[in-house]
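For clarity, chains are labelled A, B, C and D in written order, and residue numbers in each chain start from 1.
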Amino acid sequence: MKKLVQDFEVLQRKELNDDHFVLDVKALEPLPEIRPGQFVNVLVKDSNTTFLRRPLSIHFVDYERNTISLYIKKIGDGTKKLGELKEGDTLNIVYPLGNQYSIPNNANTLLVGGGCGVAPLLYLAKHLNQAGNKVTTLLGVRSEKDAVELDAYKEYGNILVTTEDGSFGEKGYPTQHSILEKEKFDYVFTCGPEPMMKAVAAYSTQKNIPCEVSLENTMACGFGACLCCVTETTEGNKCTCTEGPVFNINDLKW
Amino acid sequence: MVNLGVKLKDLSLKNPVMTASGTFGFGEEFEDFIDLSNLGGILVKGTTRHHREGNPYPRMAETPSGMLNAVGLQNKGVENFCSEIYPRIKHYDTNILVNVSGSVIEDYVETAAMINDLEHIPAIELNISCPNVKEGGMAFGTSCASAAEVVKAVRQVYKKHLMVKLSPNVTDITEIAKAVEAEGADSVSLINTLLGMAIDAETRKPLLSTVTGGLSGPAVKPVALRMVWQVFNAVKIPIVGLGGIMNAKDAIEFMLAGATAVQIGTANFIDPQVTEKIVVGIEDYMKRHNIQDINDLIGALQVR
Amino acid sequence: MVNLGVKLKDLSLKNPVMTASGTFGFGEEFEDFIDLSNLGGILVKGTTRHHREGNPYPRMAETPSGMLNAVGLQNKGVENFCSEIYPRIKHYDTNILVNVSGSVIEDYVETAAMINDLEHIPAIELNISCPNVKEGGMAFGTSCASAAEVVKAVRQVYKKHLMVKLSPNVTDITEIAKAVEAEGADSVSLINTLLGMAIDAETRKPLLSTVTGGLSGPAVKPVALRMVWQVFNAVKIPIVGLGGIMNAKDAIEFMLAGATAVQIGTANFIDPQVTEKIVVGIEDYMKRHNIQDINDLIGALQVR
Amino acid sequence: MKKLVQDFEVLQRKELNDDHFVLDVKALEPLPEIRPGQFVNVLVKDSNTTFLRRPLSIHFVDYERNTISLYIKKIGDGTKKLGELKEGDTLNIVYPLGNQYSIPNNANTLLVGGGCGVAPLLYLAKHLNQAGNKVTTLLGVRSEKDAVELDAYKEYGNILVTTEDGSFGEKGYPTQHSILEKEKFDYVFTCGPEPMMKAVAAYSTQKNIPCEVSLENTMACGFGACLCCVTETTEGNKCTCTEGPVFNINDLKW
């Protein structure tokens, strides 16, 4: 898959809640094939404190509109500046980066996301659904106002939510959701805070279900040139940006 | 037509823009973004005698106008380079230089000797200045005696262009430059990274697994320029300047300070097409200033 | 109530926030902006035995996340300081330290001796590290022997707290720190500026009249932090850390790396109220992290 | 005069021509006394390449609206970012800085400006006019479209223009304007590119008229703390930001 560096045009910024937003950006040339789990590396202009690009998962791809959607949480000045982009602004993007989630066939799949780790799951849900899988997406959020975009997930399957304060869905963490014991899944995909992913991994290991996680770490280039982003695997250090960000939990030293 | 070609002694570059080792992979990582044949040369990853896993994660921290890295020379060793990588990249229509690193002199010598046999590698860059390896890569570069010793030993076995990469973490870089010149280095490249450190005040932990790491990017440019200027006034062999070059203007500053060629490092991460843009930008600058031959810029700083 | 007080040996500071010499005038320039009595201490301008005109204009160049200066110790000499300035500032309710600079040992000694007699100056900072004076201010700070020699000579005549400011332009700063500790320095402050250079590619001239100058600001912070950490692990006397501190978070990083107090330099130009804000910010941090005594932060970096 | 560091609110940005604009900023507290020739030092946010503040002359002060006007030329990223400020944005300013032009009484005064050196002259014209002086302002610009704000100057006296291309006023440089030979002035004030100011100084010296110039140089602090901004004078190095920016030409080594 050829990697590109291109200017995109900001089409829309949707505020989801206090610190999350979705940015729809339009490519000026036809988008290449983009696989679920891949990410982009964006250039933040006009920030006194941001030097490197910022890696962001690909939340959704709309080939008809020729757009990529990014699901972003405001963390520091870089993501804050992205949250100030307006319609018509330009965003420079290096993409598509990284490997991809596996797409099984006719399986009962579970997607578990937390925090801005939900970002890659929507596009994954679409691909899993298209390949004839049953899709259940389980999102763990703090409270009702953080349970966003549920309709979008519903297009591709079942959507479940846990909230920490019990204000919506089941109360607790995603790994405490009743569905995990009620239903038998064939494949688990997860992305989110490391403790959550480790709990999901433990569940999968215990139930003997294949499980893929998407890792975040500090990246300088995003395309394999700097070797800053290694993850320890059973086969030694692997490059998270080219051999990841998606890893099968069997390959990790978790 | 302006002339962009420069010579590092016997080594001809179609233009002065090279890449910095450790920031450009084996060149292959950039094939999607640029045409490598537009560059004066590429410096492949730091290569050692034996396979190295490098340092544990985390290896990188962003700093004001720069970054720290602690990769620690992760590479599969020189034998793997010769058998696996070299055949894949040797067709590149540019100068391919291998950055040779080590922890003991024998390793440097053996690695250099093996690369000497590779037809399409016209030069090596001897890295006596990596701050990220405990056993002493940098120690060689911080004393005249040890710098001279390793260059002398490698010079015996390496018959092509021998570039030596100097450490900026020294009191007087001109002394080291003179020492390696005296032992037969064909050129010097400078600077490698400045030794730095970053801390997360919230967790009260270092941001790098190795606590300290190498600082690169625009933050170090003023120091790098100064060192190039100092070394230019101290040695006769050509100088390759680097440290924080982000655009053609920066590259020209290094040439004015005395560099015959430049290397682009960290900037590749921010714009993978930056090297090609710098070649074009230098050409534009020359046209705008009515300069026919880029060699007229080398060391052309007008000091009052 | 959290405790912000720290001690540099016998010298008590109400909080660890001091100002860096050469960036804070004589304190008077900041009276409009802040209440000086809220600071742990102020370092007044570099003072020499005799009047100095400093270097010609231009003396300043902006660089990525930093600046170069080539002021060159412009000051009216120590006699003028004692007779004209001291009476104006001695009432400040904070520690006033004089930064003593020189080019020959006798100058340092005579200047220190005169300041020793000033009741309201509890300490001097011996600047053996200024890169902007040809005659050798920096040369003292770049070799152990000369650093030791000047400290030894000043120690004979200066009876109060003797802080020695170290140069970062050295191969191994711990060696210099150990040498000045052995001669009786009460504390060390680091870092002074890194020697750098800037060029205007359009005019092909250096941006400073002196060609090279001293680099300060956030760009140097990673280097400064690393040196504080190294020196903390090498000497027993307290360390005052500086170099690129812009906010409370930066100040805390220096304390975690081993600094007992910090100095704020270039940041004063960008926000003349920054020092007061840093004091407040440190207090906030301590409350948020439930730290009662700031001394618990000193050197508290958790290295795996 | 007490120096302040304050947030101002952007009221308006008026584009004058391709690269000049006027920014009106409103103080949140009553403005202190500001003298003609003084300057401010502004903080540029959101620029990856601007580290220090940017010094700018005070173009005008409106005590009724509680505003300061800045006349700015886009040079690099700092001034470019100032040119993107919108109504309601915040601008942090250190002010009032520097000394001031002398204000004679009942004199025939000439003000000569070129480029963005015209910035301090409008406020100076007002003060000179108020003190009962006759005021002639002579602006040197490239061509007609750069001859801006002429009505504002007219409020306080006579306004003359030279254009390099002759498209407006007299053709040539300001020091070639016929008024210089026609009229006898008692006092000359100038601000602009150094070659222009030197020509004005030569004219004044030749005619034996007192002349004050406003100098620009590289400043780090703007309030006397760094000693980076010295100007060589007959009495040694002087601090441009506190002992200037206005100097009598007799004190300069011109």
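Operating definition for what follows: a residue touches a chain if its C-beta (ideal position, glycine included) is under 8 Å from a C-beta of that chain, and two chains touch if they have at least 3 such contacts.
Heads up on the chains, UniProt names are A, D = Dihydroorotate dehydrogenase B (NAD(+)), electron transfer subunit; B, C = Dihydroorotate dehydrogenase.
A quick note: this is a predicted structure, and the numbers were derived from the prediction, not measured.
Using the contact threshold fixed earlier, the set of chains in contact with both chain A and chain B (Dihydroorotate dehydrogenase) is empty. Averaged C-alpha coordinates give centres for chain A and chain C (Dihydroorotate dehydrogenase) that are 47 Å from one another.
Chain centres here are Cα means. That of chain C (Dihydroorotate dehydrogenase) falls 36 Å from that of chain D. Rounded to whole angstrom, the centroid-to-centroid distance between chain A and chain D, based on C-alpha atoms, equals 54 Å.
Listed for chain A are residues 50-51, each touching two or more other chains.
For chain B (Dihydroorotate dehydrogenase), residues touching at least two other chains, in rising order: 63-66, 217. In terms of inter-chain touching, the protein chains here make up one closed cycle, each touching precisely two others.
Every pair of chains in contact is given here: A-B, A-D, B-C, C-D.
Chain contact summary for the complex, chain C (Dihydroorotate dehydrogenase) toward chain B (Dihydroorotate dehydrogenase): residues 63-66, 68, 142-143, 169-172, 194-199, 201, 203-206, 209, 211-212, 215, 217-223, 225-226, 229, 244, 249, 252-253, 256-257, 285, 300-304. Contact residues on chain D toward chain A in their complex (touch as defined above): 45-48, 50-51, 81.
Interface residues of chain B (Dihydroorotate dehydrogenase), counted against chain A in their complex, comprise 22-25, 29-30, 32-33, 53-54, 56-67, 69, 71, 74, 217, 266, 268-273. Of all the residues in chain D, the ones that touch chain C (Dihydroorotate dehydrogenase) in their complex are 2-5, 43, 49-53, 94, 217-232, 236-237.
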